[in-house]
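Structures given as structure tokens follow.
Look at the two complexes coming up: subunit A is in both, with subunit B in one and subunit C in the other.
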Partner chain A sequence: MKFERYGIGIAKGLSVTIRHLLRRPVTTQYPEQRLNTSRRIRGNELIWDREKCTGCATCAKTCPQGVIHIVTSVSIEENKYKVEKFEVDTGYCIFCGLCVEACPYEALFMGYAYERARYRRGELVLAEEGLLASDERKPSGYAHPEIAATLPKQTLLLDKDRGKR
Partner chain B sequence: MTMAALPPDWPGGFWLHWGVFVVVIFVFVMATIMGFIWFERRAMAIMQARLGPNRAGPFGVLQPVADGIKVMLKEDIVPAKGDKVVHWLAPVVAFVPALMIFAVVPFQGGAILADLNIGILYIVAISSVTTVGVFMAGWASNNKYSLLGAMRQVASVVSYEIPVVLSIVGVVLLAGSLSMQQIVMAQDIPFILLQPLGFLLFFIGALAEINRAPFDLMEADSEIVAGFHTEYSGMKFALFYLVEYGEALAISAIVTTLFLGGWRGPLLLPWLWFLIKVILVFFVIVWIRTTVPRIRIDQLMALAWKFLFPLALINLIITAVEILVWPAGSLWVLVPINIAVMIVLVLLWSRFFKLGWGKVEV
Partner chain C sequence: MVIKTEPFVVNIGPAHPSTHGVFRMRTTLDGEVIVDMEPVFGYLHRGIEKLAEERTYTGCIPLTDRLDYLASMSNNLAYCLAVEKLAGIPVPERAEYIRVIMAELQRIASHLIAVGSFLNDCGAFMTPILYMIREREKILDLFEMVCGQRLTYNYMRVGGVSQDIPDEFLPALDKFLKEMPGWIDEYDRLLKENEILLARSKGVGILPRELAVNTSASGPVFRASGVKWDIRRADPYSIYDRFEFDIPTGSVGDCYDRYRVRIEEMQQSLRILKQAMEQLPKGEVRSDVPHLIRPPVGEAYGHIEAPKGELGFYLVSDNSIAPYRFHVRAPTLINLTALRDMMVGWKVADLIIIFGSIDICMGEVDR
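Moving on to the complex of A and B:
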């Protein structure tokens, strides 16, 4: 005799739902509460390091979307390339991370932040100054384990102290 | 109509009483419906590990107000090929009876708009009129989903009215009166203990009559969009929304009055007891909504005619026999007997219960 048919099934279900009254909600109220993302997130398009960049244009060649525009000039006195223009149309970026992996001088990073919404398409085209690292645009640990080690651990919905941040 | 339950020192007499209570009931119903909308959304959210509305006002209590303002600003759309007059009339026909039920609900001794000597019969009669409004809405919308939802509603109300009324008769037999006030007065032992099976049947049937989950298949969004109010927007939709919660409030109040001893209880004020019990019953309704999945139309019909109806008849016969042969004054002995009878009957009938000539097992 299966008692599930005699109302026990409904009673079991009712006890499950009533126990949820004591459970913490899993909702994160986004603008006020944020979760830490993965440390290796391919978040904000690109972070560019002006000092390390040699203007070799490897990134522009690997980019499957062809959105990296780099213009260099030769400086005779210093005997090296000078980067005149480094421009990324991030509206077309697919976050594949190939440019970061390809850069032979580790001058490119994926970003750790993720809020990229803009009002105009033109604002998505980032040039030299806009691509530099800042407090809002930290590099993520993608393809850079030494950076990943410095970032906070990812928080999951199940974590207890989640609501406090 | 008897006015016997009025306190003799009531100032002003009949018309003042009438005026005051119409206002009180209207305010009470509107405020409680608002509260219930908020309460249901919050309670359901917590049971589903969510937060629910918490932006408008403290803990989101103003959410129903915000919803109301939003819905009133919406465009009122009438289907081009719909029956325009009926479409306009349907929400009113559905809403007014839901409000009229509260005329005979006693909030405490004497605090009642009209202590009809046929109070519960009046409720049974008037609450069915809401269905006419729903059917008008389904018909006038000129939409297959609306009509299907309305047909389901009519079918379910016609079927479930019978077990509901039969279980009410059990209560009336015990109380010896149809007046809501007298029924509460008679409950030295709450009738949920003397009529456990009747309570179960009444509660299930009532859930089906007011389209609450798991019997909300007349507005099953997964199959027929929104049922009868698919083509409604703006204030008309708001009225249907109010009907839904008004009926839930009415059923909570009726269950409280018939089975839970109405306003009676120790220590606290009578009307506070009434309110606490109403909210408790409503919480159970919400609880069931979060738990039980929606059933099919054939299951709905089978449950009414093969399960609730025979059990209601048996319950009525048992109650009648008990009242005839049982000596007065020892009703407490009946409580364990009736609970045992309920368990045996429910188990037995669950064993018999089959869908579609028994070819499909539940």
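Moving on to the complex of A and C:
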């Protein structure tokens, strides 16, 4: 190809890259600086409300991966189901959130957290006590707008990135 | 004295940085010139079509996220349209608008990666793709705000969307729409007239119009060959007949045209987004759909203009809770069938560019 335009296009492109030297960085130093995630984040691990759960097993039927294992027995005195076992294998969970949406008694929540890596596969299987909400395990606002209103606002790159320095 | 040469076979891939996934090209080279090329698919086969036949209609939506993982929203939309056609489920007005907003944002995000990795393959190492990833990040933030995840959205449902958009979404989208045209201009200043890029991509890997029609290519690859074919116009689905937008086309069908068509499509998507945001009505976002959908016996094909081409889902129902047959018409698999004709006669260095200009996603090709 013959050399036609004496590199005007290249010079134009370089002017853009040089201007970028003067821009603010948009990145964050992750372990030290943390950004707020979405209020509806579908974070690791489910959170289960033992009081509200009736043992209807709608969540287990909805789960596309089949990771929710629930065993119930009929208690004659109280005339309702008693949850014997509620177990979630989070190693196979794809965090689609369908169980949370399907729960008719609003007893399931997605977790408002990330960084839940484990050293052993066995620790990924969570049963009754491990599924309850605590200070570390907060529920997220996914399919629960009343919880979403209480969570901090999500940090957006749109607000952070102010272009020129 | 004449030197005797003979062609020899070189495998490019399956694990090669420029194949964007696990794809193998069995090339026959004569020196540096490609004499023959045979694509080898199937390294990422996960059996998604078979898996889907054992799940409920709603349970298949997370599976469609994992087809073209750079454009999950479009996959969700195409699948939901197919099920709605099959079962005759209406969609509320507001949900239709939210779907269009999401699909167009997804088109911009997918094209940013497509253009960025194409320029990366051309040798503009990392600079353009990082600029584009910055803007894609802003779109992913919006998606995260709406549905809680950044890659596998699982947002659309049969008969609407999973939940309404939050209050802070529309101001953020407005801000994005205001600043995005400036960034697109910056990409153009950066590389549109770059002499090296022009020399490497103009006239390279031409897909002639007739061949493009005969291989049933679609999407930007097809439009770059000069055919004005866009399913949003040719067979309007959802509410696309209410918006005003142009269909950008190329003239020659070379790699440069494909790159330009994608940039221009992003501008058209911004136009659609602006109109959809202004017209967005209030109301319900999900119609009343039973928990387990049992469509009547029959078949349906729902197709949309996904960022990479015509994405279609063919479903057959036998009146049970799971589809009897679930077939995906993946755009990039069909676009790849024209690859050999584009490549033969070019050199190995051009192979990388031609392949990069098709914009493939192996998750969708092999599924």
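Assorted remarks:
Quick note on the criterion: the second predicted complex is superposed on the first by the 132 of 165 C-alpha atoms of A that agree within 3 Å, B and C clash if a C-alpha of one lies under 4 Å from a C-alpha of the other, contacts with A are read in each partner's own complex, and residues count from 1 in each chain.
Criterion: contacts are C-beta pairs under 8 Å (C-beta built on N, C-alpha and C of every residue); 3 or more make two chains touch, one makes a residue touch a chain.
Note that this is a predicted model, so its numbers are computed, not measured.
Subunit A is touched at more residues by one of its partners, and among subunit B and subunit C that partner is C. In the superposition on chain A, A:16 contacts both subunit B and subunit C.
Once chain A of one complex is fitted onto chain A of the other, the partner contacts of A:110 are limited to subunit C, with no touch recorded for subunit B.
Applying the stated contact rule after C-alpha superposition, one finds that A:72 touches neither subunit B nor subunit C.
In the superposition on chain A, A:36 makes contact with neither subunit B nor subunit C. Touch criterion not met for A:54: it reaches neither subunit B nor subunit C.
Looking at the shared chain after the overlay, A:96 reaches subunit C, while subunit B stays out of its contact range. Judged by the touch definition given at the top, the superposed model places A:62 against subunit C, while subunit B stays out of reach.
When the two structures are aligned on the shared chain, A:154 is found in touch with subunit C, with no touch to subunit B. Within the superposed three-chain model, A:7 lies in touch with subunit B and with subunit C [touch as defined at top]. Residues 5, 7, 10, 13, 16-17, 20, 26 of subunit A contact both subunit B in one complex and subunit C in the other.
Contacts from subunit A toward subunit C in the complex involve residues 1, 3-5, 7-10, 12-13, 15-17, 20, 26, 37-42, 58, 62-64, 94-98, 101-102, 110, 140, 142-143, 145, 148, 153-154, 156-159, 161.
Across the complex, subunit A meets subunit B through its residues 5-7, 10, 13-14, 16-18, 20-21, 23-27, 29. In the complex of the two chains, the subunit C residues touching subunit A come out as 55-56, 58-63, 127, 131, 134, 137-138, 141, 144-149, 152, 154, 162-163, 166, 168, 172, 175-176, 179, 186, 189-199, 291.
The residues of subunit B lying in touch with subunit A in their complex are 45-51, 287-288, 290-292, 346-347, 350-351, 362.
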